[in-house]
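Going in written order, the chains are labelled A, B, C and D, and every chain counts its residues from 1.
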Amino acid sequence: MSYLSNLRIILGFDEFSRDPPMWRGVCAEFLGTLFFVLIGSFSCLGGWIPGYEPTVVQTAFAFGITIATVIQCTSHVSGGHINPAITIAFLVGRQISVLRAILYIMAQCVGAIAGAAILAGLVPKELRGNLGLTKPSDYITTGQCFGVEVMSTFLLVWTTFSVTDEGRTDLKGSAPLAVGLSAVALGLGAGPISGGSLNPARSFGPAVITGDWDLHWIYWVGPIGGGILASLCYTFCFRAPKNHHCK
Amino acid sequence: MSYLSNLRIILGFDEFSRDPPMWRGVCAEFLGTLFFVLIGSFSCLGGWIPGYEPTVVQTAFAFGITIATVIQCTSHVSGGHINPAITIAFLVGRQISVLRAILYIMAQCVGAIAGAAILAGLVPKELRGNLGLTKPSDYITTGQCFGVEVMSTFLLVWTTFSVTDEGRTDLKGSAPLAVGLSAVALGLGAGPISGGSLNPARSFGPAVITGDWDLHWIYWVGPIGGGILASLCYTFCFRAPKNHHCK
Amino acid sequence: MSYLSNLRIILGFDEFSRDPPMWRGVCAEFLGTLFFVLIGSFSCLGGWIPGYEPTVVQTAFAFGITIATVIQCTSHVSGGHINPAITIAFLVGRQISVLRAILYIMAQCVGAIAGAAILAGLVPKELRGNLGLTKPSDYITTGQCFGVEVMSTFLLVWTTFSVTDEGRTDLKGSAPLAVGLSAVALGLGAGPISGGSLNPARSFGPAVITGDWDLHWIYWVGPIGGGILASLCYTFCFRAPKNHHCK
Amino acid sequence: MSYLSNLRIILGFDEFSRDPPMWRGVCAEFLGTLFFVLIGSFSCLGGWIPGYEPTVVQTAFAFGITIATVIQCTSHVSGGHINPAITIAFLVGRQISVLRAILYIMAQCVGAIAGAAILAGLVPKELRGNLGLTKPSDYITTGQCFGVEVMSTFLLVWTTFSVTDEGRTDLKGSAPLAVGLSAVALGLGAGPISGGSLNPARSFGPAVITGDWDLHWIYWVGPIGGGILASLCYTFCFRAPKNHHCK
């Protein structure tokens, strides 16, 4: 294969003729991220009855099970990323093209803004809080928050690569549920510390609507950094050899 | 095929000769909705020991896992709808006939009334509360409650269509559990806001027994509207092409 | 087949020559019920730190997930009943013999006593409470408690028959997990009302060790009655025809 | 086979030429245990907002679902033990070699120290608590704590052997999730009593970093003892005969 045709594949210029067509994948990423941000952030809001505050268990399961749900709803069309850190990890692992990655990340960001905007429309001003914006705990340093997001997203992406590894035949059970449950565990552990974002889009949508950009960079650099590390680690150390036998 | 025979199929006049027979499907929908309303509503009641009130986590998991359970118990006989919004979504998606839809919805409503009536018989008057009736939070407008139900049921129906799409071969794991878990996530997120009905029958049963019809229309128009939107969206945008290969 | 040989099969005199041998099934039922009662009852005890009381969510998941676990551990050897109500439901549904049912129920009861006795040995006297004994809430009548156990066990057995129905090919996912999750939902709903036993052995073990037999009969007649009803209902109305095609 | 060649297999001298290579398995055990200890221990810490303390439900699900996640991430490379008690149980059951067992246990211990050290780096000194160190409740004796760990790890290992038994064809669903959920149930039941370790490495890492070795031996002897008992019990009483039919 010539250098040029190889480059065409990496960049993705041939992808517009694929099936399912790329615009459907972009739609799926948009709608998936919209619902992920909307339903997850619902669970962060309090005050629906006097004194009511959501527990960590509630928000961790709300986000994690919503992730499992929207991945199931979109995986056959787009691959079910709904997360720029996962899209970039797949790009680094050479599983998607540059063009697809750019379009997906744009769709995820617009979807997250739409989700946060719908959230703002569906709840009264007094109960909106910060629309589920991710914030570090007051007690940790910026570096610690960054480290928590790096480590957490490493495990999320390691899980994603594990359950979508085409060479593995040892796993039964639902792959979307496995990814969603890893996010539940990470939310139970890291949620109270760093906000447990694991997903730049999930932090971006509420930031756009509330206008609060304080320390926002952590939720891009941390998850994307952790995701790239996990992608390299899985691809070079843990990936199963593809099995070419007929079933 | 002539226009008339096509109409016979859409309306469903031929369905009475199918196997399993339709009366079994109607029985399954009745009994499934009865248990769904009974067990779910049990979890909404408080006061069993002084000061005890159920948490959002408890009711969300009780409803959602009961949904997974009754779908599993009925799916081979009726398809496991137990929800008029899902039945109408399948009708709009041309997956069931008009006749079957009408009979199922009647069975679901009668089942929900029976479930709420049994509930009223099994708990003392002082602890009955409103029998798990769905109500908007005092802090939101009618339109906001309507919007929350539309969006929530959109995701429930999107999930249902995703995991029952015959063209998809990428999903392993339990389809009923996937639907039930989506309801868990929606209950964790939307439960405290709109009551998290997602299901007109689930709201109808307690309304009949308590006689409280205040804002009841929201729980018909919202879920059915959201379900129809999801049905159209999935059918025209996300449905996988049927795979005709032998297995 | 003659009347006599038919009777031999129903009674089970030929079963001792089967593989796996029946004594292994009896061992599995003993050990499974022992662990079910031990781990579940651990979760009912409070006071490990001052003021600590388990929540309904905690005990419901502890019992339900332990059920899923011990069924998985025993199903290939004994069928994984660990519950006299389920054993009798299978007997009524003509899926096991009289002899096997009697031996299993004896093993379950002895296992439950052993589990409760080990529990009593592993926790100090002051924290033993009533060893997780099931009791009706003070606010309901005996008849209401009975009704709650009948309805709850109906759903548990309906689920068990659904996921073990050999004629069904529509269900993916773990059958033991499905049964365990139905018990989670029932514990979240009925636990605070009737104690959520669903299982005579689970109530019998702690009753033997504590000597508290007050209203104990409810937890035999209720679950067994509900289980028999569900067995008849499933066998005559919902059972799938066996599929004789080779795969 | 001669006595000597048999001994070579048991000890594992031939394993270095296997595929996947053993160093990958050792890497997987190291990284899996690191993340297990890190994420699980995150969930044990409190104080992120004033008055916040994690609930038993939160820590039990955090540990258990993290176990499911890391097993999924490592099982194709190392078998996914991440627990010396499980490694020794497999050794006793003649499923792995002595050499592999020794290397895995070393990797698990170093991984657990690394996880606890990273934890100490990511949280401020005031909120570190004891880094999730396992401790018996003040109200139980040493013997009772030992007994709780023996019984709990017996069930964990019984589950592990059940879902990895190559002769069993009756189980669908995710094996790693089944093991993780058994740990959830055990955490819900035994967590408040003994600390619910089930895993010497999980107790060892925080002990090294905090320097608190008080009663540490319990968390080696208890889990390993319970695991060996379960291994013998499963291997001699419950193991399914291997099925040699082609699929």
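Keep in mind that, in the parts below, contacts are C-beta pairs under 8 Å (C-beta built on N, C-alpha and C of every residue); 3 or more make two chains touch, one makes a residue touch a chain.
Quick caveat, the model's predicted, so the values are computed rather than measured.
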- Item | Contacts common to chain B and chain D (chain labels) | A, C
- Item | Interface composition of copies chain A and chain B: same or different, split at half | different
- Message: Quick check for you: after a Cα superposition of chain C on chain D, what is the rotation angle, between 0 and 180°, in steps of 5?
- Response: 90
- Message: Taking the mean of the CA coordinates per chain, how far is chain B from chain C in Å?
- Response: 28
- Can you list the chain A residues in contact with two or more other chains? 55, 57, 172-174, 177
- Query: Okay, in this complex, where on chain D does chain A touch?
  - Reply: 24, 27-28, 31, 35, 38-43, 45, 47-49, 52, 54-55, 57-59, 61-62, 65-66, 68-70, 72-77, 118, 121-124, 126-127, 172-177
- Complex contact set, residues of chain C against chain B: 55-57, 60, 137-141, 144, 147-148, 151-152, 154-155, 158-159, 162-163, 165, 168, 170-174, 177-178, 181-182, 184-186, 188-190, 192-193, 233, 237-238, 240
